[in-house]
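Working notes, structure below.
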Amino acid sequence: MSDPHDHTTPPSDAELRTKALETLLIEKGLVNSQALNALIDTYENKVGPRNGATVVAKAWCDSNYLDWLRSDATGAIGSLGFTGRQGEHMKIVENTDSIHNLVVCTLCSCYPWTVLGLPPVWYKSAPYRARAVSDPRGVLAEFGAIVAEKTNIRVWDSTAEMRYLVIPQRPVGTENFSQTELANLVTRNSMIGVERDLQVTGDKT
Amino acid sequence: MNGGHDLGGVDGLGPINPEPEALESVFHHEWEKRAFALTLACGFWGQWNLDESRHARERQHPADYLKNTYYENWLQGLETLLAEKRLLEDENIQKLSSKCISADSVGDILSRGGPVNMPTDTTPAFHPGDDVKVMNNHITGHTRVPRYCAGRIGFIEAVQGFHVFPDANALGQRTGQYLYSVRISAQELWGRDSHSVYVDLWQPHLTSVRKS
Amino acid sequence: MNGGHDLGGVDGLGPINPEPEALESVFHHEWEKRAFALTLACGFWGQWNLDESRHARERQHPADYLKNTYYENWLQGLETLLAEKRLLEDENIQKLSSKCISADSVGDILSRGGPVNMPTDTTPAFHPGDDVKVMNNHITGHTRVPRYCAGRIGFIEAVQGFHVFPDANALGQRTGQYLYSVRISAQELWGRDSHSVYVDLWQPHLTSVRKS
Amino acid sequence: MSDPHDHTTPPSDAELRTKALETLLIEKGLVNSQALNALIDTYENKVGPRNGATVVAKAWCDSNYLDWLRSDATGAIGSLGFTGRQGEHMKIVENTDSIHNLVVCTLCSCYPWTVLGLPPVWYKSAPYRARAVSDPRGVLAEFGAIVAEKTNIRVWDSTAEMRYLVIPQRPVGTENFSQTELANLVTRNSMIGVERDLQVTGDKT
């Protein structure tokens, strides 16, 4: 989304402060402009929820891989090339017919960057952080996900450096889907846990 | 600290209003990209750790913390750290300029990350299934014990390893403690509802509870 | 509700910076006098009770509540009540105009006040010295149980009478409950220090604790 | 204190909203301008901490009155003409050599109007309301009152309609003071509890 304020209103306070700081740091030789661009490019274009979807689809198709995820998610995810910052200590949590998992960070906005990229605005918002632990059913309803009363909801508050990836349930009717086709069904929101039932779209249905 | 950042269970914050996943971009303003990248690039100097940077953000007045957007809080935290550590004064600039990373090294640095597990020759005090009480110790410095857990009783779901202890790390002391996933019922936390909350807490945050 | 108004034990709010007693005036701006008087004068219409007016203020976004001055919160609360109850719509204005008080009656109304004790033929469930636990029931409506007391154990210092119960009164139901002064130690509340905090709580907020 | 902004800066948002509301309510006949003035005059000029000081001084001089305050503070205070709004249910709390009392309202700013008038800004401030219950010694220190470690501090959180009046200790060397002279020693802050040792001033010392 482009910034609607860029050319029509005066720059915000944050914009001015950022520009001033960047200019100063570059001038003093303390940060490198190309390095900043590379950092932005990494998370804008390279590292994002398609990584997580790849992990989920592989877990659905390969029971050995799922076992590896269960015993050492960091290693199993790293084997696909998804390693590093904000993914150093990974753990998967699996949805089942009777269990639904939801991830939050009430104290800041910890999020598994290596598999999901940078968090969406709502994940970082005060109301989500406040209510995910006290009223997860209400939160899920706000996302359009009604979870049956008999389903146990497990909320994971990322208070440490453990990062949680929800493995949603594989939709029924996808027996003939390839791993790539399956990965295309996996939404970012389902890997955070604010979505429960993945939609099957495309020719195969 | 019971700061503005400690949001679990706070009421009155309004609806979440999520943008649809398919429509949301990674950044929403150009300056957010720069503030994000500056925070990472300055962090690579190694002049502060993750818990110090969190504490720099959460020490703001709660109303400022809540009014700010996420990257405004990052920017504020970065400015605070640069100022408090006097890193932009002449004598420090010399020292830091050798730590300025190049574009070429970005990929390596990010994919290496910064693991916080540490070696130990001790064994954990608690084991899966043990009943534990979260210490009701409202320290005024940095801690990763959310206020909503303080004094509540749960049980050990898993031992997560031996990790850097944030309460000390925020003070510049990199020491390790056993980390546990602690499961606490909604009934215990809020007096209502049926879900469970799993919180990661370190050994000094927990005391043993006799099985009843 | 765990709103922005529920301030006991919150950190990061900065120094108190009191004005010296001898120098501080009752009001600091002309508009504060008018907002104060308007709130009282409209309250005399009898269209809302004390707990409804408190709840109107505390339902604001926590950041707004904290940023506002005291009389800004009063003004906001008054505007909210007038709007929600549609009192400025034509059909209600007729009804209210007969309730407009004159300057002559101000003295009487203020010196009469609004006592909240009620008659009862019941006896209190708790007595001085009884150990009690404050219910850990984080209701999302109006309550006078501060969050810092929820789930904590103290003892009954005194029975304070049979008073209107705010949790119900805010919903327009004027019912009575026994009111108690409950003494809770700082150790129990904060895990440190040696003072005691005395909180006034109603019978439905308390459960019995067996002496250990 | 006069408002330094009255004539030098544009009116504040609150000022504009108040003016608009007052104008509307008066025009509709729902509030009376003279009644508003009378309300303001009451708390600006008539009801204030001198009421409380009168109660305290009488309690120091008259043990029967002190007993009455202990058993029925509302009645005893009302006998001096101090009755009504925000003083319907009064209770006194007495300082001794070993006890210091401090009053707060963490949830709003409840305060015994009949004996102290309207609360000062600091009493209504977020930091006072936050820290009075968690760090009363730190709060007292900020007011310049160092309370010995062996002194028990009792903090009264005015969560109900009970209103608390602290009876400070009578200063030594005031044996010959009249009740009026004693009342002049009693500060508002001492009756809230952020001041402990009253100063003896004037000719009698």
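Quick notes
To keep things simple, chains are lettered A, B, C and D as they appear, and every chain counts its residues starting from 1.
In this text, contacts are C-beta pairs under 8 Å (C-beta built on N, C-alpha and C of every residue); 3 or more make two chains touch, one makes a residue touch a chain.
Just so you know, these numbers come straight off a predicted model, no measurement behind them.
Common neighbours of chain B and chain D (chains touching each): C. Ranked by separation of Cα centres from chain D, the top chain is A. One simple way to say how far apart two chains are is to compare their mean CA positions; for chain C and chain D this gives 17 Å. A separation of 53 Å divides the Cα centre of chain A from that of chain D. Centroids of chain B and chain C (each the mean of its C-alpha atoms) stand 34 Å apart. Chain centres here are Cα averages; for chain A and chain C they lie 42 Å apart.
Along chain A, residues 134 each make contact with two or more other chains.
For chain C, residues that reach two or more other chains under the stated contact definition are 9-11, 13-14, 58, 66, 138, 189-190. Interface of chain D with chain C (complex): residues 1, 3, 5-6, 11-12, 14-15, 17-19, 21-22, 24-25, 28-32, 34-40, 42-44, 47-48, 83-89, 91, 106-109, 114, 117-118, 120-122, 124-131, 133-137, 139, 142-143, 149, 152-162, 187-189, 194.
Residues 1-4, 9-14, 58-63, 65-67, 135-138, 140, 150-152, 188-192 of chain C are the ones touching chain B in the complex.
Within the complex, the chain C residues that touch chain D are 5-11, 13-19, 21, 23-31, 33-38, 40-42, 45, 50, 54, 57-58, 66, 69-72, 75, 78-79, 82, 88, 93, 96-97, 100-103, 105-107, 110-117, 144-146, 148, 160-161, 163-164, 166, 179, 181, 186, 189-190, 193-202.
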